[in-house]
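One structure coming up, written as structure tokens, with questions to follow.
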Amino acid sequence: MVALKVLAVLSTGFFFGLTLEGIGRKVTARVQRRYGPPWYQNFIDLFKTLTKHPITHGWIFDFGVLMALGGVMATLTFVPLGNLVAFPNLDNIFVILYLFAVGALGMAMGMVGSGNPNASVGVARALTQMLGYELPYLVVLSGVMFHYKTSSVSAIMNAQGDGWNLFKMPVGAIVAFISLLGMLGKKPFDTPIAPAEIASGPMVELSGKYMGLLMLMHTFSIFVEISLFVDIFLGGGNYLVFLLKFTIVWIMAVLISAILPRFRIEQVVKFYWKVPLSLAFLQVFFVLMGWVF
Amino acid sequence: MTSSMNEVIEKIRRQFKDVSITETDEREVKIDALQENVLGILSILKNEGFSHLSLLTCVDWIENKEFELVYILFSWKDGGKIIVSTRIDRENPKFVTVKHMWPVARFYEREIHEFFGVEFEGNDDMKPLILELWDDIPPLRKDFDPLEYSRKKFPDREYKKDVLQEARIFRGETNG
Amino acid sequence: MKQRSVWEWIADQLRSRSMWMLHYCTGCGAIELPPSMTARFDMERFGINPMATPRQADIFLITGYLSTKTLRRVIYTYEQMPDPKYVIGFGSCTINGGIYYDSYATINRLDLYIPVDLYIAGCMPRPEAIFEAFTTLMEMIRKGEANGWKRYKENYEWYKKNQLRSLGEVYVHDEFHE
Amino acid sequence: MNDLILVLMFGSLASYALSKIKKNIGSWFNFFVLLYVSYMIYKTGVGTEEKFFSFIPGFESVLSLTHLGKFFALVSFLIITTVSLFIPVWIEKKIKMAASFNLLYLLMSAGILGALASGDMLTFYVFWEIMVLASLLIVPMGKEESRKAAVIYVVLSSIGSYMYLYATFLTWERYHTLKFSEIAQGLLSEPSNGFKWLVVFLVAAAGIAKSGLFPLHTWLRITHGNAPDTFSAVLSGQLIKMGAYILAVSLGVFPSLKMFPPLYGGVPAVNYVLIAFGAVSIVLGTFMAIRQNDMKMLIAYSSVANSGYIIIGLATLDSVGFAGGLFHVFNHAVAAAMIFLSFAAVVYRTGTTKIDEMGGLIHRMPWTFITYLVGIISLAGIPPTSGFISKWMIFQALVRKGMFLTAAITFVGSVGSFLYVFRPLAGVFLGQLRSKYKDVKEAPTFMLISMIFLVLLTLYFGVFPGGLLGGIVKVQKELGIPPIQFEGTVIKTPLGQWDTFTVFTMFAVGFIIALILYFLFPKPRKVDLTDQYTAGEYLYTPDLYHYATGFYRFIERLYDRHPSFEKLYEMFSRFFKDIGEGVDTWFYRASSSAYMFWITFVMLIIFWVRW
């Protein structure tokens, strides 16, 4: 039974994630008054990279990619998608966020293992950016956990029957959305993957199937991040309503990323530790005072 | 020609006898000097504010078997430009370096050596600057034929001669 | 034309619809690419978008004249690309040396040094010509004709001989790296 | 218990003699003695009281092993024995005074065992001094700057020890007893609040000094950086845990929960001061570690941060937080020992500890890399290893108690730890292989055995923490703290629960799926290290293409003018030195008559005051 649910979660992540990325590219194209690729373009890209003859830099390069994909898949199985929950009471917020770090560390280790200086610069930037957006996000989440007296995502989701956290804790939701943009690595915060400066950062030495596996990992990680946001702040009712909310949040993120230029890396950290962090502490103060609408 | 440039020109005219000074442009003067006076003129000009060696290049006069070394100096004070040029023999071109006065001259001289084959005493860094693995005479000399070199080194695409097409173009039936 | 396995056939269909392009802006042709990517012509609807590194690229677009120094880097980058790779020679300078046919520094015919699948004639062709080239290349890949990379592998010595004849030596120790 | 201590004491003399014959025989002897002692510790029951010495009238010192002591003893001797397996191969090439190294090593472990087993404050102090003295004499055997490091190390830890001694006299003068349990009863019924604050702080001061918490943390960087490589593994892995033991005593054994009214979230005011120290040391340790270029100093600062975690865990004093603190003692001990041992292996082969002088060592030393990798995964607190469990418990406790500022600082510490643990990984092991280290060989086998043993230990306790949690529950019952609930591999807390085994299986499932995908598609072509994409240029000198100097330069620039406590304390020391010189010049005359004058002068003062 659990295996079936895990399979359902993974296949949703795969099919829905890739279609949404295709739609995202179409939306960005339309914002730039372009025609844009078909919605299934990401499927084609993925399978095309998997059919090419790749180039490897030794066993740590392969192990890093595998660890990245394995870690993110494991994280995805713990995330509840609406009422589809693979492990009902084991989906602890801290476990999900830190299991996510396995994927990030695996990719970082594999990419620097390739020996390319661009990759090391990209990974250093990615870890710095993680330091930036992780703090306000965790502070807001601890506020939510303190308020609901539980740290299980599905429990928080079900407790939002009488009103979404978006309206109960508006300040926290804004901070979480800004950190979500940082996590997704979309345009305003895509310094680690800056194609112009460091030749697509960590992905510089990825050819053939490694690029495919890491595109898959990127899709799964986007799916994990947004579904966490939807579960905690938008209620996430039954499966289809959850997917609808997921799409709305994704389209908003894509719209923002279609317009804003890229930050410099120290601006990212300074920004995250000025505005969102103070808002997060404000939100936590509200929770302590009990002013939750 | 601004007043300060006049003084400099007068000074040089008094000090060096056989030097021809022509005013080629609104704030531009050309000084043709002999080989031995060039360094003297350059140092005077440098002290008078012409601190910027904007270009050092070489012209190949193949008819009278001479290279012409051209030093273009620019002064930031009054915006004036003075061109000092001298003629050196073409067979074994040799001249003294100005590296000590303008460090940038090191690269100009290296380039001239590479493209014209001029030797500069005092500047021993004569590695190739722009061309890689060059195996012929310096390419910018007039007696070097680039077309022949290109045919030798870089094989071309053989085009069959289409006589009919050419005739039609000649008669103006098609615009080719 | 060698009979392709079903797997190979499917792979070719995929490869034709999602080509990632590494445009090596050697000559003056690079200015034609931004208009072909932006709003008016939009290269992305064919699934073609520019990639930053040769490791991720399928098409290798060489835009314009190639001096000996650039050709060495082009050959080095070409060998860094993963295997099913296609080269598009862009502009007349790659076909027959163009207006620099008599220069001592530029090469006159690109496909002696690396296998070129497709040439686009014109002294900097317009984006329409570029899209004509892309669509023909997509057709060639679907039909399985675009196998320049196989030719490079099979007669590797012939290409190497040509390269050494014109360049003297491909990997050069220049002063900036010691 | 005292027979074990005697075994260790005389063992140290025997190992001195043996090492005179041949260096590594002494170290092998050490290893077997320590193996025997650790086995015996595991065997001894808890609570047996044995007399030790009683030459002071009306008081006899007693050795009684408590659950807390046994837990710490097992952790300490696990690290000491594994490192002693590492030493024999290492000692031949590295140390001038090998014999004294072996002697002091055993003496130090005797001091540790005695301190953990002592039932009253005076015996504890005696063994504490033995331990400090032994480690003090080992530290200067390292690099040239280690003599200065030894001085700083001893000054700071003696500040703690003397404050602890003062607390002993205070309690003796007030309660005429020195047994921990009796002092606890006395303190409970103690009317004056000030005295209770004073005693708890003075006892905690020794812990703060030894575990390198905020005010007294400056010795860590120099001592770890310059001590002999294997000893810094013991220093960071184990000696810091003695500080944690004293902190646990000052918080748990003297029950601060019952002594003081809870200030906020069920935690009394005393604990908040210690939590504040812990929080500052986390921030300080993390941000200073990100800047370091010497790998051992970097991990030294991470020990400051992790001691901060331990004190925050212990000070929350609720079932989950205290368990998290104790579990983190084990995790940091094992992780720090692993990392320092892998550094010792790297230094054994390359001879330098600077990160930017090395690179790409993974291609020559893969096993050392794996040890370091699992070490940093555990240090950074990432799920499959045991490091995550303790950090997870501390987070749960802090969030449930609503201590958001401390929680935010622990989040900074945990995410910051990803940064600084990655710097040596990318600088030393990955990236381009330096031409200087082309022919470096893998570390010798015995070194690898001890490293891989610690790796398996971390992974085992990461997936099945049952054994360790059982020990922690016994400690919590003994100290009267509600024990943590867990069954099998599911850890339950009032805020939430998770199952270590399912997380591990899901990670394995994900990894296998990725592996299947990996083998499904075309085989890759291996390319050597210098065939990189560098915008068309050729890569001849790999040293130029290794990105390790100033790895996080863009963040370091944000806090370049950071306040430095080392300079502050150096200023104090110079101030006292000047006073000393001043006094020296005024009073010191080489002639004997001056001596006589001053002696008589002092005698007069004494008789006049009628002391």
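The chains carry the letters A, B, C and D, assigned in the order they are written, with residues numbered from 1 in each.
By our rule, a contact is a pair of C-beta atoms (placed from the backbone, for glycine too) under 8 Å apart; a residue touches a chain by one contact, two chains touch by 3 or more.
Keep in mind that what you see is a predicted model, and the values were worked out from it rather than measured.
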item: Farthest chain relative to subunit A (centres taken as mean CA coordinates); value: B
item: Leading chain pair when contacts are tallied as C-beta pairs; value: A-D
item: Centre-most chain, if every chain is reduced to its averaged C-alpha atoms; value: A
item: Chain centre separation (subunit B, subunit D; CA means) in Å; value: 71
item: Chain centre separation (subunit B, subunit C; CA means) in Å; value: 38
item: Euclidean distance of C-alpha centroids - subunit C vs subunit D, Å; value: 59
item: Shared-contact residues (touching 2 or more other chains) in subunit D; value: 533
item: Junction residues of subunit C, two or more chains touched; value: 53, 55, 80, 172
item: Numbers and ranges of subunit A residues touching at least 2 other chains; value: 51-55, 199, 204-205, 208
item: Interchain contacts (touch definition) - all pairs; value: A-C, A-D, B-C, C-D
item: Of subunit B, residues touching subunit C in the complex; value: 127, 131-133, 135-136, 139, 144, 146-147, 149-150, 153-157, 159
item: Residues of subunit D touching subunit C in the complex; value: 531, 533, 536-538, 540-541, 544
item: List of subunit C residues in touch with subunit A within their complex; value: 10-11, 14-15, 17-18, 38-39, 42, 44-45, 47, 51-53, 55-56, 58, 80-84
item: Residues of subunit C touching subunit D in the complex; value: 24, 53-55, 73-74, 76-77, 80, 171-173, 177-178
item: Complex contacts: residues of subunit C adjacent to subunit B; value: 68-69, 72, 95-97, 101-109, 112, 162, 165-169, 172, 174-175
